[in-house]
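You will see subunit A twice below: alongside subunit B first, and alongside subunit C after that.
Take a look at the complex of A and B:
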């Protein structure tokens, strides 16, 4: 029984990781390239987990995190023009490594300095911007796609940070409160998913 | 004081430059590319097809798929004794051709219309004159989705709503303002769809752009401490401009040539779709405002005027673009 749960988790992770951008392309056919850019990251497990983890880490750090409102969408745009230059495996591996690092920081409830937090978020955004750009088709309007991607990046990171800040309740300073422990446990899960994904990429 | 003027000039130049970078095609994306194909029954099961409105990609490039027992080589379509019953689809729908209305004119009975859209790419021809439950469900699915698509692709409508939220803030004032906008655009949408009022599309689109510029000016006034018309009577402004935007929504339905008995239901479902899209947008904006407050993240004082100038500049860019198109058509 003990063995089944990790296997099921791994199978689910593989299934979700394998979900390609088909849904986003359907959105593009229906609503155009702006909405394709906005929907594309939401159809990829790495984007969802990494963005949420980054937002949660920033949200636990209070006012330091607000710089990410600017830094994160900018990071998504920086690497977008060179998306195909990086291989799919290298972006997957880099993403998994970032997931592991951020998950561990979250699990350790580390007080990350503002500069390091911004650097981490920028790196995550650059890696995922490149991964999203790799799926672009020649006929896709890059300007509209980039605008959609940056908008969803801004919205997702801002809302995640605010929700985490509300959940954590900054006035309650107890590090042993169930809320703080829940966030640390989630950080542990993120790190575990990162480790599994890195292993999968290295094994394949 | 002079430094502020220079700053505003710089911001204006920057936003105009940015707006100019965006291609006009992308800005008018919500003006759906549509086509209308008529099939007239000449003898039982045999039809002659004709494009009464040709889609922008060209009639020859439309990949129309009819039920398997039908033989199609436009302008002829032969469905034999079974008649035209079954699914019809177009496989290459996209942003260049988002809606195609198929109009069937039988030898006996009333003409019937079916709308194939990117939101609802397969329609089923039922072959009976009286609409069945399936026909109503299909109509609802098609037009609710079409309404959602129309508002989500209508950057001008969304920018106007954003401007209203910016001025009014949250709470009951916002609820009243958005309700007034909804009542306004629903009333004029219905009036225009039933042919009670008619305004040419191009001047109307230019007016819609001007309504956004008006909101931009009102935001600047508010930032300077002046109480503008929108701040004083937001629901009056919302209702009045809602009337203008509603006629714009109706233009999306007008080209489809829906039969009159289906028009009230189609209109209702389309309006429900528009409201769903609008509500989702308002909720998203309110969630983001809440998140910014929670995180103590506000725009610096020196850049407070930027959003208003951005809204104003983009809307004036649209206005001049639409004005140019209006004069080009004369």
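Take a look at the complex of A and C:
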């Protein structure tokens, strides 16, 4: 790009100087609740860990994981209308139990049947959907929030599955290749976190 | 005046300049919990040297230890963590953590190659003691999940560091360096052991 005049430079400087602050939570704006639904799970570590683990498990299983593209967002929506019907402790315990189960399956490089995989993903999505719904306020537009949540669920699970599948490489069948071990080790970490969190919830 | 600025660079500069810090609502204590969890195994020298020694020993033992170790160790450590969370007392935890550094460092220095089940048993016992120490901190953490993620990640990375060092065993000179490291770890473990049993009091 060639700027032949200082006028263009000044215009650029003025444009930069006049920039307004970007706000992540644009709740007051149109479709704000959509963005709130999309951002909410990304700010909760339990969502991040569980969604990532679920996506990784599906990604290691190859084509079986494709069902999750549909199942996972649906699961997020199922419990949403009931809001905080599940207590915080129940969702935490259920989340920790799911971390333990999914982590163990990942660590063992288990060939999970498609039905079981879908059931696990649906359960995870339902639990986290309920946890996200618990923070809904009366003035929140539930439809927009649900749409945002489902969209981010779809995007996150699809992206994690794809990245895992690419990382693992479909041609490397060996369960002891370094790529497979790296994924299994991460599964061990997730299971360890789940075990400790479950005990913490039960102890408190 | 003539300025040559690549278009992509201009776009990047403008994009960055127009944005402000994202103010998404942060989960309380996540950053603090993560940092304290990450630092807990690293700032305790006795933990640190023992975890690195586990990685080096795994590399020395070769398959299957080198790949079973990073997968199963966190889980066994978590069992110790559960005991810590539940306040189940273990006998002389500080002494046992020091002993783990002495024995694991000694095993590396002496190039001990016991049968895999025996090596796994030794490492598992020590993993429980190390996990107990971390787990006892869990209920006090600002964000327990973040703390757990932090210390499990740090422990895994310390193993990876040990395994990476352990790859030096491919060369004769590297093997000598590793044996020296093992002896050093055992020596530091002896210091902590003496401290643990009150020899310096």
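One rule holds in what follows: the second predicted complex is superposed on the first by the 173 of 204 C-alpha atoms of A that agree within 3 Å, B and C clash if a C-alpha of one lies under 4 Å from a C-alpha of the other, contacts with A are read in each partner's own complex, and residues count from 1 in each chain.
Here, a residue touches a chain if its C-beta (ideal position, glycine included) is under 8 Å from a C-beta of that chain, and two chains touch if they have at least 3 such contacts.
Predicted model, so just to flag it, every value in this text is computed and none were measured.
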| item | value |
| --- | --- |
| Between subunit B and subunit C, more extensive residue contact with subunit A | C |
| Touching partner for A:49 - first (subunit B), second (subunit C), both, neither | second |
| Which superposed partner A:158 touches (first subunit B, second subunit C, both, neither) | first |
| Partner chain in contact with A:188 - subunit B first, subunit C second, else both or neither | second |
| Subunit B versus subunit C as contact partner of A:166, first or second or both or neither | first |
| Contacts of A:63 with subunit B and subunit C, given as first, second, both or neither | first |
| First, second, both or neither for A:197, with subunit B first and subunit C second | second |
| Residues of subunit A contacting subunit B in one complex and subunit C in the other | none |
| Partner subunit A, residues of subunit B touching it in the complex | 21-23, 26, 29, 93-95, 98, 118-119, 149, 152-153, 284, 287-288, 290-292, 294-297 |
| Complex interface listing, subunit A residues touching subunit C | 1-6, 9, 12, 15-16, 19, 21-25, 39, 42-46, 49, 104, 107, 176, 181, 184-185, 187-189, 191-193, 195-197, 199-200, 203-204 |
| Subunit A residues within the subunit B interface of the complex | 28-35, 63, 65-66, 69, 141, 143-144, 155, 158-159, 161-163, 165-166 |
| Complex contact set, residues of subunit C against subunit A | 1-7, 10, 14, 17-20, 22-27, 30, 63-64, 67, 70-75, 77-79, 81-82, 85-86, 135, 138-139, 143-146, 148-149, 152-153, 156 |
